[in-house]
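Dropping the structure in here first, questions after.
Which chain is which? They are A, B and C, in the order written, and residues in each are numbered from 1.
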Amino acid sequence: MVETAPLKPTADPTSGHTVSRYDRELAKLRGIILRMGEHVIEQTQAAVAALVDGDESQAFRVLDREPQIDYLSLDADEEVFRVIARRQPTAVDLRIVLALSKIAGDVERAGDKTARIARQALELRQMEKPAEPLTEAMREAFRRLDEKACCMFERGIEAVATFDVTQSLTIFEDEPALYAASHEARQQLGEQNPPDLIPRQTICLLTSAHALERIGNHAANIAEQVIYVALGQDIRYRNREILIETLRHRGY
Amino acid sequence: MSTTVEAMGQRVGAMSAAELSSRPDSRATVGDVTVANPRMVCREVDVWYGSKQAIKGVSLDIGKNEVVSMIGPSGCGKSTFLRCLNRMNDTIDGCRVEGSIQLDGQDIYDKGLDPVPLRAQVGMVFQKPNPFPKSIYENVAYGPRIHGLTNNKAELDALVEASLRKAGLWNEVKDRLDQPGTGLSGGQQQRLCIARTIAVSPEVILMDEPCSALDPIATAIVEELIDELRANYSIAIVTHSMQQAARVSQRTAYFHMGDLIEVGETNEIFTNPRHKLTEDYITGRFG
Amino acid sequence: MNKPSSAGAPPRRAIDIVNASLKRRYARERRFRLIGLTAVVMGLLFVALLFADIIGKGHTAFQQTYIQLPLTFDAGLIDPKGTRDPETLRSANYNALIRAALRDVYPDVTERRDIRALGSMFSVGAPSQLRDRILANPDLIGTTQEVWLLADDDIDMLIKGYIDRDLPESERRVKDRTVEWVERLEAEGRIEKRFNTIFFTHGTSREPELAGIAGALMGTFYTLVLTLLLSFPIGVGAAVYLEEFAPRNRWTDLIEVNINNLAAVPSVIFGLLGLAVFIGLFGVPRSTPLVASLVLSLMTLPIMIIASRAALKSVPPSIREAALGVGASPLQTQFHHVLPLAMPGMLTGAIIGMAHALGETAPLLMIGMIAFIVDIPSGFTDAATVLPVQIFLWADSPERAFVERTSAAIMVLLAFLILMNLAAVLLRRRFERRW
């Protein structure tokens, strides 16, 4: 008799094609994105180090390496075109290709954000007054925000590696914490407004905090795409709490 | 972003529990087999060739003015099912059909029903273009003539012309109606067969891999024609080309080893099939 | 790729192995072709031998020896009363005319035995030859004409060289005196060979010079026409039913096996069947084309059915589907589409079946076709014989002159067979390109 099993979750939806080249092409596309993601995580950490600890060399390193992510995103786009033109993907393959294309965009923009933080770090210290613009409380707030954003992004990339719904859900669950950390950092800047910071420096710090929050948002976008691939449901713009509850209820 | 999430609260109804319910794993057909205004209604159709069951409890509606495509690996029973719809299987020895197949509310396997007029109502286009070895005119005129659809030569001429026009062949053959139909190109022959089928004013047209013997251009022309014919006929098409099913049909049915696995809107089937077998087949993981 | 792993030995590429075996393969192919060619050549050789033998023996039968005689149509002998009454003319003693003429030409022959020998130089048909002339033209009565009279078969054989003039008289059918006369006639130019119209216009006869194949040909014609009329519709009908309509079950399987077996039944059995059933049971007159065609129909039916079914099978099923698909009934499908396409094949089968029937002898011997029938039949119920039986009869006759007539009749039969097979080939060529 016909052995039929539920479609999801599969071990790896990109494998098992009759044409094994197809599998390899999809794996290659995914590999490019995973590499981009790793770069972004490294860059974020380096950029935040530059911002918080005033390590200029880190900031220059981030700016130097930023184009690598752009080049990889070009590679990813090319691979997407190639797969569509050659294989005319359908169903899960189509979703994978479309999702990976969008994920590549998100990762690439997250990479831009790291460059933005690095630039803010350099600018922050160009003004000679005061010697150290950041208070310890502010540093702490930025580290927390960075940790949250990085953690989400890392899990986002991991979720891409296996199209893991459960992993994606933890990202959604972390969103409130991200917003809280972001709020905390801004509050530090607004309420305790250090008198020795010139407005320009305040803007730099605000921009950086916003960029870190955006990196976390990109991670959530990636998670949305992962769920789209895995479940075939476009869950963007839906109420996150109810979504999480529903999916948890279904055993993810 | 946080405000956006809050604002989306009202949209929650858009995702129902059913939508996210666990994926089916039984042989029961996934998806809605019914349509709002059906032309043909098949319920629990079983087909046996001798002791071998070729179709297992298939239920499927064919709606008015829609193209239903049937896909599946070779030997999955899609052609067999198609040929049940105009009792073409009657000609095969040892073939037994059970269940109910209705055309406009009339059971076509009713004891008293004559399959000959049924086949005029449910026309068929075959895999290999099979014009009669007669003139183009005779090919189209044959059906109306044996059914007595026209009263005189002028009416027959008009019907032949109308049928050839509907099949998009008139301009290509109007100057050589007396030449043999077998002398046309493959694509033209297939359109001649379609013209021959629509000449007897069927309600449903069955197509059994109509483009498998045609080149891509001829295929495109026939697909365009299928889309035009949808305005007046119900069409069921069996095809091996998933792209073709995706292009021409509104609904798609996936058959696997005699079971109807999944039925759904073609858009849905080709972007997000709900059954693993369907997904595996259309993404090229087996078959 | 798979590499040869045998240590030490240099790696052999597949192409080397292929090349090594290539020579042997080609040699085997050449041998096979040679054997086939030999078989074909042998076959052709035997056919050529057969033809050469038959034509060599038979071609002389198309000529017949005539002897010229100055003959007085004596009114006293033919029409003593001068009434010119056809009845009188018909019953006159024409033999006496010939005898009188011989007396005039050979006045030195007086002995009774010699006079008879002289007379026997002419065919027993010679007087009727004269009668026919007189009946056609009564004005000849009273005149003297140089007439060409049919020679006896012995003289004919002598002229054609089949009787050796050097043999001692006792071993020869023609006596020395007769040879002498013939040589004299030859020297005088009074002996001539003419085209043998009698062979084509007369029925058979005890006298070879008067024997013809017209009766057998007409008998064959009537028999074959009736056989075709009987077996073709029945054969086609049976084939269509069995192939297209009959359900597949044990009965149809049995019928099928039996049809195939019937095609292999020795034909003489059909003759016995015809004798028992048609003649014995139904009282059909024996020795007639009617009963012959009934028997031959039985015999050709299996061939016809098998050929027709093969023709039906070769019609692509897509045509049937197409017809059924537009709503033609099964019968319409058959008659409008399948039969027209199968017809060339069926006709070919019919012609081959007819050719088979044309050459058949054994069953006809059983139903009295072997009777000696001189008259040319004029209908299906006249006693008749057919060509192969005629050949059989002549081959059995002791007269030397029948040998060449047998061969000539065989030539005619072969000509008809070749014509029929040619027709079959042409029919196929003409119609088979239709789809």
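The criterion applied here is as follows: a residue touches a chain if its C-beta (ideal position, glycine included) is under 8 Å from a C-beta of that chain, and two chains touch if they have at least 3 such contacts.
Nothing here was measured: the structure is a model prediction, and the numbers come from that model.
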Other chains in touch with both chain A and chain C: B
Chain whose Cα centroid lies at the greatest distance from that of chain A: C
Chain closest to the middle, measuring from C-alpha centroids that were averaged per chain: B
Chain centre separation (chain A, chain C; CA means) in Å: 101
Computed distance of Cα centres, chain B from chain A, in Å: 47
Distance from the mean Cα position of chain C to that of chain B, given in whole angstrom: 61
Residues of chain B that touch chain C when the two form their complex: 86, 88, 91, 93-94, 116-120, 123-126, 128, 130-133, 142-143, 146-147, 182, 193, 196-197, 199-200
Residues of chain A defined as touching chain B within the complex: 1-2, 4-8, 16-19, 22, 87-95, 175-176, 179, 213, 217, 231-233, 235, 237-240, 242-243, 246-247, 250
Complex contacts: residues of chain B adjacent to chain A: 1-2, 4-5, 8-9, 11-12, 14-15, 17, 19-27, 242-243, 246, 256-257, 259, 261, 269-280, 282-287
Complex interface listing, chain C residues touching chain B: 247-248, 316, 318-329, 332, 336-337, 341, 434-435
